[in-house]
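Below is a structure I'd like to ask you about.
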Amino acid sequence: MTKPFEQFVAETTGRNLTKAAYIAIATGVAMMVLLTVNPAYEAAHRWVDALLWACLAYFVFEWVVRLRHAFEAQRGWIYATSGRGLIDTAAAIAVPLAMILGVEPRTAWLLSIAWMLKVIPGIRGLRQLRRVLVVESGPLLSVLVIFLMVLFVASVAEHFLERDYQPAAFGSVPAALWWAVATLTTTGYGDVVPVTPLGRMVAAAVMICGLGVFGLWTGILATGFAAETRRDNFLRTWESVSKVPFFAALGPAAIADVTNMLRTIDLPTRTMIIRKGQTGDCMYFIASGEVEVDLPGKKVALGEGAFFGEMALLGSSLRSANITTTRVSRLLVLDLVDFRMLMARHPDLVETIDAEAQRRALENK
Amino acid sequence: MTKPFEQFVAETTGRNLTKAAYIAIATGVAMMVLLTVNPAYEAAHRWVDALLWACLAYFVFEWVVRLRHAFEAQRGWIYATSGRGLIDTAAAIAVPLAMILGVEPRTAWLLSIAWMLKVIPGIRGLRQLRRVLVVESGPLLSVLVIFLMVLFVASVAEHFLERDYQPAAFGSVPAALWWAVATLTTTGYGDVVPVTPLGRMVAAAVMICGLGVFGLWTGILATGFAAETRRDNFLRTWESVSKVPFFAALGPAAIADVTNMLRTIDLPTRTMIIRKGQTGDCMYFIASGEVEVDLPGKKVALGEGAFFGEMALLGSSLRSANITTTRVSRLLVLDLVDFRMLMARHPDLVETIDAEAQRRALENK
Amino acid sequence: MTKPFEQFVAETTGRNLTKAAYIAIATGVAMMVLLTVNPAYEAAHRWVDALLWACLAYFVFEWVVRLRHAFEAQRGWIYATSGRGLIDTAAAIAVPLAMILGVEPRTAWLLSIAWMLKVIPGIRGLRQLRRVLVVESGPLLSVLVIFLMVLFVASVAEHFLERDYQPAAFGSVPAALWWAVATLTTTGYGDVVPVTPLGRMVAAAVMICGLGVFGLWTGILATGFAAETRRDNFLRTWESVSKVPFFAALGPAAIADVTNMLRTIDLPTRTMIIRKGQTGDCMYFIASGEVEVDLPGKKVALGEGAFFGEMALLGSSLRSANITTTRVSRLLVLDLVDFRMLMARHPDLVETIDAEAQRRALENK
Amino acid sequence: MTKPFEQFVAETTGRNLTKAAYIAIATGVAMMVLLTVNPAYEAAHRWVDALLWACLAYFVFEWVVRLRHAFEAQRGWIYATSGRGLIDTAAAIAVPLAMILGVEPRTAWLLSIAWMLKVIPGIRGLRQLRRVLVVESGPLLSVLVIFLMVLFVASVAEHFLERDYQPAAFGSVPAALWWAVATLTTTGYGDVVPVTPLGRMVAAAVMICGLGVFGLWTGILATGFAAETRRDNFLRTWESVSKVPFFAALGPAAIADVTNMLRTIDLPTRTMIIRKGQTGDCMYFIASGEVEVDLPGKKVALGEGAFFGEMALLGSSLRSANITTTRVSRLLVLDLVDFRMLMARHPDLVETIDAEAQRRALENK
């Protein structure tokens, strides 16, 4: 086995999708869409077909590589039954299976929409959304039950009130349900509309209930999300805080306190963090990576554990130099607000920052 | 009276709906829906009728059993006038009463939608929603009054502006109200639409007011919900905390503190709580029930008051064993975030956890 | 002047609307609505006309009484230029003025919608809503400007893209604005819909912006509302707390603390607060008024400053007696959650409650 | 160069738009709208054209002045590539360029919508909104990806289910996407509606997903906004607090505490802050500017650092004098709620206020 192939396998079986996979998904879905547009397909059906088959081949290959890798690591079944494994399987075999079962090819290719699901495990923040849904599942389910109950009661009522006037639209409860769901979600297609005075009163009540359900739904999600955001930030920041020597001297209580004040950001290489002359309202600690300070006449590199941007918090609010990352870096951001809180609660920390700032100011004079 | 019957009565008169009742509700409502679909009803009217009568019989029987039980316990009137009692009565007598009064049977059966209301008392979290509505009733009512005022003022304005152009749709204020409610809730059927420039300006204002009303509504509910969630969690967790010996030594201030950090979850028997090899970010205390730790070569049972999953918080973030409930269990979850808060505020607690973790690590070597 | 008339004047010039005024508003608006429904008006035009004139007479009379009263108290102009005074004036003279100016009577009566505005000053909680709008006016205005900008840009774009295909609907920017406002608010009448592919892409972007604007709007209002609710509760409760001798011994810091935990409720006379046998999760302090405890064999009255319902928080969670108000009362509610917080922070208070509870338990044995 | 011209340049190159610019924007956009309305344009095309050219001339002139100013200050390229510079450029050259390229004039003028973008940098609170979008970009992007995924999956499903029944509306995936976006945003035009039972079930699921997406969106924005509002208020108030000598004696911890309690408001000259006889629930500190107290018989001026309105918090809740600004002023507002918190935490501050209040009361007797 050659080196590049090994690397390819390593990337393919890693946690994140490879760039090639993203390209294949985008191309494949675009081609699938084109396939359904008759003029476009007739004009370029060779290209469309070729690209679709190429994408399919890629996903089948990826699936085989991952499956083999998983079985070699003796966790084949774990992978195969995990959400990710099931999506990979669907992406690889749905279209061929449909074709083998005799489905017309242009219809079978529609199943390639399953390729799109492959991005799901890569969405950062989805874990957060899922936790909110789990933690708030009780109230969310209650709202859903209320939603369904209003839906059914309204459908039966409108069926009773409107069936003689609009037999096609309200002649049966399932038909009335179509109206009810479009109304309760405030979508309001308007293809079916009650015409009797009483029917309209019921409809008005359903619309207002729609607002209420919506409000509850949003309220619950907002509540859950606020808690989850705080929690997620703490978890992400905690790891980094302990790596900054500056905070290492603090006791656990103070670290928990400081962690709540910091925000973690990840930056790619060669990103300008601070632009000279801009107004600054935060300072930065380097959790990992390296930055370069562009002082007049010289360039200073700051590494892991160092901090910068503190002068904007200690008097002069204008940034005095450009600062750029030279590697992929993780920074901890301390806002002006929280700097002042910190100043109040941990005066010794601020003294250290102050001393360093004065040293730098002298040096750069 | 036989044993099974006694048990049936006990279950029927208990707080929660029996499984049979849920089945009867689902079947009954489904049959009622089918009844209104002409082709389906014609094809299977015997089955539909039979099932509907069976469900009705079940609900009448349930009602009689509950009523008798309540009167025997000398709280017949309390039950009969409670929300639950009234729903039971409606579910039992609405359909027969309508038939006796000469309503056409297929119409009378529509009243069986009342059966659906029987699930209301069983919705967990509804109590929470109701409390939010009660506590926030002041602002919610204000929004409702504003909503109604905008509705009426807009209707009168559109009636004045559009009546000459669209006499059918805006010829009277009630007709204009129909337009107004569909617009203010942003449903927008589109069956009635103003055509004059001034009429459209009023309509645009109504739509924007709709967004505003909606935003206020949601904002109020979100606020109320946040407070209620915190409160509900405290109440549910407090009971359990006091049952865990581990926390018993704490003073009331510390217990209130700890209670705010914990989350209660109820798990059925044979549920896997922790899967070996997964990343862990919380530990568990057993408030009631029992779990089984699946260590290599042996199985260890942990009972009420024990804790587990602490290793993921003390260094290694990967779970080292499968853990499954062996009984219906109530667990208290302590998240990594809160564990660190706890570490800061109550170092002695963490020392206990640490000592136990080391003991276990040694034992399992 | 007779006694009843004096009382009538006192009530009319008071802060709240009299019952008569509410009846007049409801009747007047209902009659105005009926007036626009041709069949109804033709059938009962005498009644409708008579009632409308009667309501108008009432409002004119009320206006004169209030005006005279205000001028007697030398604050005639303050009243006349206040929001309330302007609404009263409009309600009294809008309809007659229109008639004098030659407007057709059935049209002139439409102005009686101004009567509805008289309820505005009486809406409790409107002050709270207004404060939120004032405090958050900055961000809300920003969102409004963004809303308007999207509206105009989208209208110009659609006018450019669609004018050749739909000259009636998109032939001018004002016409396109009508489409844009219905789309951006997600109302979506559907009377005007873009048909070109590019036009539809712009429309899709507008709809998604609509969701975003809506989300920002709601987020801002929710934030403002949370702060305002906390503030309003504090203000209302603070007054009452200082009247309860039980809390009088506390220092200002503790009172501020306790105030945040309590909730004020106002109850009319003869309202049952606690029902025997129910589960209790709060206790009550009487800020003003009186309640009656219905113990077996005797009735005990509790007056201002007393507390009750504490047993449910101290062990037994079932209420042991019915308790009813005998006067209009203001109570302070202390939830179980907050009781436990209080227990932790002010143990002496809880000891007092405990002692009293034991004394009562002994007495009632 | 004359004085007025220098002043004009200074204003034009300042941070905020001049009044003339606002007038030009409003006039220009209004004329552009009129241009598209055939009857209006035919009646007054000379005026419309003249005003449009005048506005264009103004914006070109403004652009040249700013550009020259920027190049003189050696930051020409910084300005030209900044958001503001790009908008200025677009506003100045878009219309002429289109005309030069041979676009029909009435179409070319549509590009003057770019003038409207000039207000963007002036929107106070936009910075706040942008920060929320940046900080919450992770979860917002996740929701967007979910939104797109539901959109595509629903389109493909409906294309498959409905293409035989409605070839025009669902014959291709792009056509179905139009339906999907109108449904998922709950806009619901109703121009395209599924007709098959299965198609309607998918549509119902899409509508409910729409509510969910919307709720998540709002929840995330609400959460971000709450944090940002708190932060923004702290930043704005901190500057002012340090200028009030009254707070100068406090240590940094106490200042951070007090800053969270105060709210900054900016008032133009001759604004009445307090009206005699109204109920007061806050007191004011003057951060900059001057106010005039209208006492019986004399007028007292209060300058920077003074406070007023404290009597309403110390017993009598009615304001005892009119107080008006005599200059543009920045005030710090302390609400009754927070005054009491302050009272509890910093009793010495309150004693100072109390002493001053008594001195004033004596003086004004």
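Letters A, B, C and D name the chains as they come in the text, with residue numbers starting at 1 for each one.
Rule of thumb we're sticking to: a residue touches a chain if its C-beta (ideal position, glycine included) is under 8 Å from a C-beta of that chain, and two chains touch if they have at least 3 such contacts.
Here the structure is a predicted model, which means the values were calculated and not measured.
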Angular offset of chain A relative to chain B [C-alpha, multiple of 5 degrees]: 90
Which listed pair, B-D, C-D or A-C, duplicates the contacts of A-D in over half of its pairs: C-D
Identity of the chain that, by mean CA position, is farthest from chain A: C
Rounded Å distance between chain B and chain C, as computed from the means of their C-alpha atoms: 27
Whole-Å gap separating chain B and chain D, where each centre is the average of the chain's CA atoms: 39
Touching two or more other chains - residues of chain C: 174, 186-190, 214, 218-220, 222-224, 226
Complex contact set, residues of chain B against chain D: 186-190, 218-219, 222
Chain D-facing residues of chain A, complex: 29, 32-33, 36-38, 107, 110, 113, 116-117, 119-120, 123-126, 128-129, 132, 147, 174, 177-178, 181-182, 185-191, 213-214, 217-218, 220-226, 229, 263, 281, 335-337, 340-341, 343-345, 347
Parts of chain D lying in touch with chain A, wherever the complex brings them together: 135-136, 138-139, 141-143, 145-146, 149, 152-153, 156, 159-160, 171-174, 183, 186-190, 193, 197, 200, 203-204, 207-208, 210-212, 214-216, 218-220, 222-224, 226, 230-231, 234-235, 238, 251-257, 259
